[in-house]
């Protein structure tokens, strides 16, 4: 009799294949689940492998649309970024995957969730917090934190030996000396040789972008149109046009890929308090974020923007990074994101070239906030220059008192 | 007898030459002042012109070192940026210029300050708030807000006619159809044809950077070493080395210039509430900021960084943009910047290539925060994976209640 | 022929009566407007006075319900407070008054707005920013900033002389040596003898609260019930019950009044940069705010609360204080307030006694966030104490590195 | 031979006496430590009990001065408060106690720390995070999270039985049906009957304050003088004067105690994510905090105050509550607190009366920020009212565009 029914996040790789077999041998029934969030994968082979190893079922769920519409576009709407550099590619995919896996578990009467995440990383936190929020009574088996499991598998050689012993097929291509995680938003690279933060990532590492040095010698022009802060149309110089969310985002990815846009190499602060080095290539999202920021310059009120930048962008980004998507505070902040975007409509013209994207111009038919006439130094139709005098004088009241005090204290502000 | 002694910020251009003559004809004595903050200028010609037009004196002050050390390096230390894009080049120069002009005024017994800033811009605010803070009793004559002056000079033709009438030499090179402001940190371009936010800046506009398309086909490698968050050494692949602040920053500018790094084109929100379009090329500061952010990833505590990003970087940047340098709140925030940088020591290896700068690796001899051993997924010497279980479970307490409530309300989190 | 049609905020006092006559004599037609926001007033006398002085019309608008429901209740929902002490009584009333006055102006074809606010205060800013936002093309006549008007009326004696000359009736009761502004939320006292910040307000100053020393010797018990953060029912120990917003708030005011609750005496920072001393008695709002904060402890998620406290409460309060009610940023923040209150349902039992209000207990039928079982130290049904070990150990990772660094630097944390 | 040397936080109560005996019987050597942070205690009896039960040593450390000067005064300087109500009395004491206990452990060659904190509370987190930061290699035994210990002692009866069996003296006074923690700053009450959040605390619960109903019928006047935000002198109406920190704070406590000032009853959000109900009486700190806030109104720049309120006060308070005192982020924030206080000098006159403290007036000899002349509505010597017009008009630019857009969208701001 089965000890229980486990829903395992299964990738087809050595780690999760080992976990699958380990669970089966321990007496569990295992339903495997894999999320298609846009990564390159031989899905038939994954399914075949899971079933041949003994999984009761292999469920592959296409989450691309959900991922793009609910997470990636939200990130664009709030210019999400973590620690000034990281566009949160992995963090964005975790909520949709975790939610889908709970659905699969429920449909298949599993009461235990399992994954192959390491015990030091962010992903274990993201998956498990999500699972516990979504289905508060769920049980979790995290093999890489299980004393018996980690005692048995102390390194890759133990995994390979176990695979040999148990007929787990092992890929003949040698494993890259780093680990990768790919989805539509980005590919991440960490661990292995990248753990030396002063070691430059090798040229062959990057998967979703060509090397800027190898990118075309000619800029590539295109435009992105937004409605309520969401990209709704991309048109390129060679008249490719996309409007459906997944297709549109793929087109942005292609533009970014071909022109080498969106590579980032950082040391970041994981939720659990360790620093780690990560490399990311994020072609389409890098471009879309730049365009969105640019358009907001044209159509968003400056005070709203200042509040949003300080409180919403940083907070939402941190919530996503830390795995707090299924939380009241994320819902609270996201309500503000959506509200802030009601007038973010317009088109940004752009160019991609050898590692960079540039804005070339922007326009909006629905916003009155920018006015050439108002902005023009030559036009005084709508502006009384004398008002600026009063504005300055009133703003100076506090500052004059500050200067007087400095003089009284013997440290006048004339001194450097 | 003189009606008073005016200290005029004089650039040698048509506007300030007109103001100079206008003031002299109105009966004032005028001491001209021009700040050398690294812009390209024929200083002898400026001096000769001012004196020939009747200025009592033309004082040229070299502020490059003060500018770089006190403002530019502070901006680097806090990763200063305004509205996600603008590195504040003009804003950074204003405080040192304003302060020097007050010094010149005092040394020359002037009790009236004057400038040629327009009545709709940020610079009038920055100069005048600074002057009033530094010398609270100073008087100000702002011609472009003076009803008589603006009635007399309603357009460029009026200025040209006045110049002809009064023997003011006018440059024979035609004026660019935009205005520019240059200093060591950047060159800004605005107004004129740029007032159409959808018009791409022409290729010849940019002054401090070559067009990325024309940049070398080969990456250029170099490294920047920081102490307490301040760049103290730059070494290039061809063994050019700089350590003196101004020389070091010039070297970064040259690297950025040659490789087309640091062009930005935005619509921004001026302090006075108008939107305006600005283009900026900021070669060295763009590179130094990127390197500094990168190094902080390695050596700054994550929680300190989060607080600094949210409260210090955004606040200091806004203060500088709005002309609030000489204020108690800027001193308050700057105290935090300096404190945050005590351990920001190390070297970042970089590459510049066709419009972009990339980090290649980073190292620090003084920080224990990053540890390959800690970060490694394979090493459990300093880490008990079981702790992560407790960490996750405790963090999940709130989230489980949230999920239970959603279930009770009939909107379970399994739903998209 | 009339020079124009002015809509004047008219109170019946000496200042606005003088402005009325001044405008009429200058050739304007004047429609007077007075808002009933709950202050004590002889409305018939005000109307009679305005008409007898020559106003074309005297419009008295009852705004009590609008004021309580749209402003006061919103302030309660976000625990609004300015500079830790001031509950914003005056600031809350200004938006409804300003909006109503624009309506009156439009209904009566007035294109000029006028008020009797001084040129150094907050209220001029609040009224005029509101008017300009609501009706961007409106014209404004602010007599106390008008050079001719202030030259003519340099002190109270000039006003009295003008009144005598022009048949303006002057109250025979001597003017209090301070100025007051009353509405349903509070009464404010400032200027005159209060300008000395070390002078204790005299016993007779306070209007909306009895002196705590004279309050009953016996506590008074009552309860407040909230739905979505809004008070919907008050029941007292003597079975008085109120549910209609205005009646409910009046009942809270009476409880606060009788028991001397809500007196505040502060020096605050006006928007225009001057410090000023203000005294306020705010009986009902003080009580309601305390009850609301208390209930949120029971029913609001802790992380949502932390975000709300830091970003929403402080920001909304400052926006209201500075007269930025009719602004995109206030709408942006208010959207968050409302969202945060969806589960703030329950009842707070309270007691008022000699200057203070105390919470006695609280309960909610709709929230699962507080659980006696969870909270109890004795119950381990829903809690594994071992999890706390992991939680602590993971949180300690950063701190141990910090401690190690301190030891390495020779300043161990064992030292004080 | 001893299994190890434990340094146990020992209070003399049933719990820690049981832990002491349990450890001794298990084969450990135990050094007991108790911190005198101002609580009422028979120190000789505690020492005698520890030694008689078998402790190798009982170390009692007087931390009152360290506690008041380094923690309580810092809390006053930043107006520390948690969730709008709680003045952090327990949280403030933990850092000095934890640090002293590490010192005792080191002096007595103990390598294991122990405490009697429960497994659901904040204090275990505060002590252990502190210990791990201060001495990163220290070991910890937390009995109430130890499976064997909690299996053995499942309720108070188990403890009493064990006490009887092992000759542990048990107090003959019946235990109050709640738990208490007392120090100079406050006494806290939680658990037991208080776990019902709707149960009013009984009259006899409060220890550090008299019932407001029983407080004197006459107000009590006194003044507090601050230097750099720290109270340096208290003088009362009956000429009691204190200047030494501990004596001064005791005097404030006495004033607060006698007049029933500082009672708070709340439901709060513990760091570990549970809500719990706590009652606190905090007499002296409540008074000092109010006085300090009041003085800042007079002498602190408004913009500095706004930044400090939003970023420093809330952050430092949360850090202390969560046990993050020994952290880089607390040092970072505390640096700002100290900087902000350089001009917070002056005297606040106050009155305490039946549960409340009131400010009566305030003065400062070192600040120029408040000026009666500036504040006065009657004085225009230092103020041009016309400047306010410009200030308003410039601030209105954005708002007018907002209003225009609303009109264009068919939702004019005239509508409620």
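List of remarks:
Here the chain labels run A, B, C and D in written order, and each chain numbers its own residues starting at 1.
The definition used in the following text is that contacts are C-beta pairs under 8 Å (C-beta built on N, C-alpha and C of every residue); 3 or more make two chains touch, one makes a residue touch a chain.
The chain lineup, named per UniProt: A, B, C, D = Argininosuccinate synthase.
Predicted, not measured: the structure shown is a model, and the values here were computed from it.
The chains touching chain A (Argininosuccinate synthase) as well as chain D (Argininosuccinate synthase) are B, C. Counting every residue number used by either copy at the chain B (Argininosuccinate synthase)-chain C (Argininosuccinate synthase) contact, over half are found in both chains. One inter-chain figure worth recording: chain A (Argininosuccinate synthase) and chain B (Argininosuccinate synthase) are separated by 30 Å, centre to centre, where each centre is the mean of the chain's CA atoms.
Look at where the CA atoms of chain B (Argininosuccinate synthase) average out and do the same for chain C (Argininosuccinate synthase): the two points lie 40 Å apart.
Centre-to-centre spacing of chain B (Argininosuccinate synthase) and chain D (Argininosuccinate synthase) amounts to 43 Å, using the average Cα coordinate of each chain. Residue positions of chain D (Argininosuccinate synthase) touching 2 or more other chains: 272-274, 301-303, 310, 324, 327-328, 369, 374, 386, 388-389, 391-398, 401-402, 404. Residues of chain A (Argininosuccinate synthase) that touch chain B (Argininosuccinate synthase) in their complex: 66, 70, 79, 83-85, 96, 99, 102-103, 106, 118-121, 124-125, 128-129, 132-136, 142, 144-145, 147, 150, 155, 179, 191, 195-200, 212-213, 219, 263, 265-269, 272-277, 293-294, 297-298, 301-302, 305-306, 309-310, 314, 318, 324, 326-328, 349, 353-356, 358-363, 369-372, 374-378, 380, 383, 385-386, 388-389, 391-393, 395-396, 398-404, 407, 412-414, 416.
Those residues of chain B (Argininosuccinate synthase) lying in contact with chain D (Argininosuccinate synthase) across their complex are 272-274, 301, 303-304, 307-308, 310-311, 315, 324, 327-329, 332-333, 335-336, 339-340, 394-398. Taken in their complex, chain B (Argininosuccinate synthase) has these residues touching chain C (Argininosuccinate synthase): 301-303, 343, 367-369, 374, 384, 386-395, 397-398, 401-402, 404-405, 408.
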